[in-house]
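Chain nomenclature is as follows: A, B, C and D, assigned in order of appearance, with residue numbering initiated at 1 for each chain independently.
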Amino acid sequence: MSQEQNRPKPIKYNSATEMPYCDLSQATMEWNQTGTWRYLRPSYVERTPSCQAACPTSNDIEKWIKLFEKGEIEAAWGAATIENPFPAIMGRVCFHPCMDGCNRGELGGSVNINMLERALGDAVGEKLPVATPFFEKSGKSVAIIGSGPAGLACAYHLTRLGHKVTVFEREKKAGGMLRYGIPAYRLSKDVLDREIERLSRMGVEFKLDSGVRDATKMQELKQDYNAVFVAIGAQKSRPLGIPDEKTTGVMSGLDFLRSFETGRKHNIGNRVLVIGGGNTAVDAARTAKRLGAEVTILYRRSRAEMPASEEEIQAAEDEGVRIEMLIAPKRVIVKSGHAAGLECQRMELGEPDESGRRRPVPVEGSEITFESTTILSAIGEQIETNIIPSSLRFDNGALVTKSCGQTEWNSVFAGGDIIEQPRTVVDALCAGKKSSIAIDCLLHGDNLDKVLDKIQIGDTEYVSMARYLQHRTGNSPILSTNSETELLNEIVRFEDLNAAYFTKSSPNESPTLPVKDRLNGKSFEEVHTSPSEELRNDELSRCFHCGRCTECDNCFIYCPDVAIAKKQSGFDIDLYYCKGCGVCSFECPRAAMKMSEEPTEL
Amino acid sequence: MIEIRFHGRGGQGAVIGGKILATAIFYEGKFVQAFPTFGVERRGAPVAAFVRVDDDRINLRSQIYEPDHLIILDPTLIKNPATFQGFKKQGWVLINTKYTPEKFSEIPGLENVKIATVDASGIAVRNKLGSPSSPIVNTSILGAFCRVTKICSIDSICKAIKKGVPIKPDANLAAAKEAYEEVIFKSVEELPPTDGEAENLSNATSN
Amino acid sequence: MSKKEVLMGNHATSYGVQLARTQVIAAYPITPQTQIVEELSEICARGDLDAKFIKVESEHSAMAATIAASKAGARAFTATSSQGLALMHELLFWAAYGRCPIVLCNVNRAMAPGWSIWSDQTDSLAQRDTGWIQIYCETNQEVLDNMIMAFKLAETVNLPVMVVYDAFILSHTYEPVEIPDISEVDKFLPPFKPKYKLDPSAPYTFDPLCTPDNYMEFRHIMEEAHEGTKKAYLDVAKDFSKRFKRKYGILELIDAEDADILLVTSGSMTSTTRVAVQQLRKQGEKVGICKLRMFRPFPTEALKDAIGNLNGGHRIEKIAVLDRNISHGGGGIWSKEIKGALFGMSTAPKVFSYHLGLGGRDITPDTIKEAYEHVKNNDQPKETVWIGLKR
Amino acid sequence: MRTDPHLFKQGEAIQNYEQKELMTSGHLACPGCGGALAMRMALKELGEDLVVVIPACCWAVIPGPFPYSNMKVPLMHTAFETTGAVISGVRAALDIQGKTETQVMGWAGDGGTFDIGLQALSAAAERNENVIYVCYDNEAYMNTGIQRSSATPEYTWTTTTPTEFPEASPKKNIDRIMAAHAIPYMATTSPAYPHDLMAKFKKAKEIKGFRFIHILASCTAGWKIDSARSIEVMRLATETNAFPIYEVEDGEKYTINIEPKGLPINDYLKLQGRFRHMNDQQRESTQRSVTKNWEWIKKQASNS
């Protein structure tokens, strides 16, 4: 208002004697309210980058990339860990759907977010910073069954939300599939230990070697705790369903992988067959390869249908793993009570099945035999349903839940591989977070459905903890840096950007250990290594920062009406003068502005 | 004599609107005069246009200072003090807006004024006149104006539009007719009479 | 110390410009003005005058550059003739309405077609409504003196001044001229210090768009300045005469006491008229001369005053206005102005109007006497009479 | 953050941008005016020790009427055809008063430059006056309501070249005319490339003698474009070679400052209502002439 009073006023001459003797201007035009010319008014907004919308944890990648690029590493880590507790882990094991969403993909290739996330996790790793809780202690307690990624994520978020969390784990170490399912050459156990240690220091209590082994224990926990989160995963290998699969020399891929962590050693011999096309199959194959065996993966469909990540398949091939496509096992060939090979049948692809993939159909008379010293079966995992109370329903092999993993017992939630969702680490983190929010709502008596409307990213199933915090407190630690910036739940697509401001550039590949080093001497060292600072910075600079103001100054530079001023941080639009031309918004490279209809003020 | 003032913005077609209205009334045998504000026009900047109507030859060539009716092509111009300057409160104020007249009657100074409203922008956009961000609303508003003031028939307006618009005659005709139907106002009989109105009406009949 | 030299009119102009310490000159050659700029080029090249001389590509640009220089705070000058002045027409307004105190020397030359380089006042008189002060000179001394006075006058009233004299009759005629000492001129004409100028330390905008709200006031303010110019000229002339012992007024009466008929003249024809009047006086004719120096602002009161107060109120019966110009369809330009000026005056004389000397046709004492005979022998003025016309 | 190096680099190329604004808000340019933006950018680089001269053109109105102005530097309005002469006169007056460092800039539209002002411009250039002459070119007489000038491209609609009889002759090549004067500096630029525009004013400031800068200036009303796309359209003018950005020193040394993407001319034409009536043949013809001109410039650049 004071600004309005300070505006120059128009000059009115009542007499020629008041005027200069010639047509000469000495006064400014700043009295002239050209803002009245406006139909549309510009404003600053924050939209959701497409990478974030593609990430099940709705990780605000743009935010931490921006801070990381400025060299504010701890702040970047702080921003990243709002949604995702484990940058160092996810930078190693995530199949990074964010990169499929990345708009940079249209102009040279997606930003190598996965590499950057690892770099961020490693940059702070040794310092062991601890994420601080957002709220005072609530006095409420939650039990979590299972310390895999879903359980850990739920524990992490609930702790930050102020609740006391106890994690029950039946193994001797926490980590679940992260520890027992993922080989060390992908995720070093030191990193995993470090990250779990961080959780302990936050105040998460781990009860190891004391897992829930029957349904009655679950009932007790339900009574002792304000809420329970069940994240026991899917640990049981699915049987092959062929004759003699119980023969010595045939084992589950998952057991094989777990053995490395539990200390049991298997003599697998020099010729290993792996059955299956998922990540467990590939992990088992690459591990076997590292033990010196000749390894062949047998898969009943074609390569395009393999559920394992393309990068992992490629790495396996680089390391010398053979992959035989369109082969299905028929029976185990037993010699001297030991599996000596596998009789298989060639397949061809027929009509699509219910999964949308073309169904493999046996080709008559195409039997083929493979010799083996060990057969590893990895055609999927099943849930150990016996520890779940029988009143909770299963459907199609997964526990039935309502939104955010809530079971029919209101205070009991479930997430991770036990429920119907993609069996990936990042989906497990997503489930842990969603349930943590649902539990928090339950403990606060908040209406979950209404809350979900506010915190869902676009039309995805993913939720944002940052937005949840904003809902709870009125402001958020990482959303808009500027109070005048409106948050829009709109996802920025490539066509929303002003591509004129970006040039094509190729992504930087993550540095990897040479193949020869992987197979001898350094067998179980991580295949990927942290990028150099130079490489990392170059990759950071490739981010478009979709939907977010980077203070590039375009709006300021291009305003023909000098109506945009630079502030300490951000910009100020003087609506007294803004004619609403829309140039600022159009020239914003990253869709961080919008034009909206001028309100009729009465 | 009846004096009408249009308030619009550069590019909205206020000047052409004035010409079309004058032409329509001329078709009904009256003497008319239409003229713009004399000066430089800028897209979006507030502009005015004027129409005079009389039964006899119009000799007055000065600008209009005390209009009988106001046609406001852009609702944001309500904020501009120049809009209501000199307005004779017996006449009509026709506003292009989504709101109903009641909303404007709350504005100090407009309490007892006859207000009509029509969503001319919406009608123009539906008929693809101008762009959604800057619709050309002149023909729509004229349809509404002739309904409210009965200053001429909608047929005359249509005839004048056909002659007067540079492009899209059919879309403009359709817009005028839609606005004729959609305009929101109370008929004069429904309105409480004011002192000035009685005087104005007698003036009108003596013309 | 002043000195006397035999100078052509054009060089008298150049000297005047030099003595006034003019800072910017922008000019384009045209006969019969060319020697002014030739001489000034020399003077500048020699360093006798510290000025910037812009050799522009047209008179239009000459005037534009002169205006610009004036706005930017420099004392500025240009010279032209006839077609050149006509080409400047648009910018003559710009100079006057922009209140630029610039000085222009116009050597009167007939307008084409037919091509004529010879004397005729129509070129300058046609610029009547541009807002310029116009001063007409009779001798080369007047040219030099008025050039210096013109700058002082212009800078006093913030209006441009056109100093005018006849092609060849003065421009190319050598006669003795007293040239004042520059140190004396400096005292008379201090450096140019405009109130407003283009100056980054006080960033004004000059000559912006002017709406109907203010335009008329500017015309009024300027009209008042024009009115004030008549007194201002007298003040300047008084100061000049104090320093340089030569007197100037906005009009001058010669042999007017007891005259029944006055011949009204301007420019160099006045001198020839002096000869004719002397001859007529010897013959006992009661005839005198009223020489007008200023055309704009028009000296209406001075004229009425002069005519009304001769010889203790002796009534002038008739005046004969000698016009070396023509406003086609309107007659002699000076005579129209005079008729207008005297209208409503109870003792106004009858005004007779004569065209003579157009396009450089020589004016001799006999030409003047022919006009006198006509006015003497006619009771009522009718249409303008053409003297010396082949019929 | 990566941005196109042609455009600008954050915090680097436009060092002066955050300096004082030498024109204020409240001016009378249409929303999205390229000419208004060009002035804002130019003033930032030229600084306060400056006198500006503006003839009849949009900018005669933009600063506002008496007693107001949006300019914080001295400004003189003048008659349409006089810019070249007036800047010469101002220069002379400043020089004689010892203010030789003060820059003098003439700022004229395309009509005032290509047409009515060409004579005075040519003369001032030939005299090598120590001034900057800027032509902000919106390719028609916009201030009078969109009439064709000799800067109007072939086939363009204006109110004097209606769509049935669009502009019949190609745009006059003022750049070659000015380069032929062998002046110390001739450059083209556009507000779509603020980095280039400001670098050119910076460079021009360091040069003595006549400097001619030709700026493309979008006109939302005359080009019939959405005001928000004002910069976009100007950018496409360069990317399609319709308005190449280059400079010529001493009439000889050609340098191409913006390497265009060489997009098809239709990318530029299709955004503008003034070209909407064009047929394929006309578009192809425009493509040919644009390409020819660009090849010519490239040849000059490679020869110098």
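Here, a contact is a pair of C-beta atoms (placed from the backbone, for glycine too) under 8 Å apart; a residue touches a chain by one contact, two chains touch by 3 or more.
Model, not experiment: these values are computed from the prediction.
J.: For the pairs A-B and C-D, output the one whose chains share more C-beta pairs in contact.
T.: Spelling it out, more C-beta pairs touch across C-D than across the other pair.
J.: What chain is most central when centres are computed from CA atoms?
T.: Located nearest the centre of all protein C-alpha atoms is chain D.
J.: Find the geometric centre of each of subunit B and subunit C from their Cα atoms only, then give the gap between the two centres in Å, rounded to an integer.
T.: Spacing between the chain centres: roughly 58 Å.
J.: Distance from the CA centroid of subunit C to that of subunit D, rounded to the nearest Å?
T.: 44
J.: At what distance in angstrom does the C-alpha mean of subunit C lie from that of subunit A?
T.: The separation of the two C-alpha centroids amounts to 91 Å.
J.: Hunt down the residues of subunit D that sit against at least two other chains at once, touch-wise.
T.: 28-31, 61, 63-64, 66-69, 220, 226-227 - these are the residues of subunit D that touch more than one other chain.
J.: Which residues of subunit A are in contact with two or more other chains?
T.: 13, 19-20, 23-26, 34, 37-38, 579-580, 582, 595, in rising order.
J.: Among the residues of subunit C, pick out those that touch two or more other chains and give their numbers.
T.: As it turns out, subunit C has residues touching two or more other chains at 204-208, 210-211, 214.
J.: Where on subunit D does subunit B make contact in their complex?
T.: 28-31, 61, 143, 220-221, 226-227
J.: Where on subunit C does subunit A make contact in their complex?
T.: Residue list for subunit C touching subunit A: 97-99, 158, 195-196, 204-208, 210, 214, 217-218, 220-222, 225.
J.: For subunit A, which residues are in contact with subunit C within the complex?
T.: Contact set of subunit A toward subunit C: 13, 16, 19-26.
J.: Which bits of subunit A are touching subunit B when the two form their complex?
T.: 34, 36-40, 579-580, 582, 595, 598, 600-602
J.: Report the residues of subunit C in contact with subunit D in the complex, numbered from low to high.
T.: It is residues 23-24, 26, 50-52, 54-58, 60-62, 64-74, 76, 90-91, 94, 198-200, 202-211, 214 of subunit C that touch subunit D.
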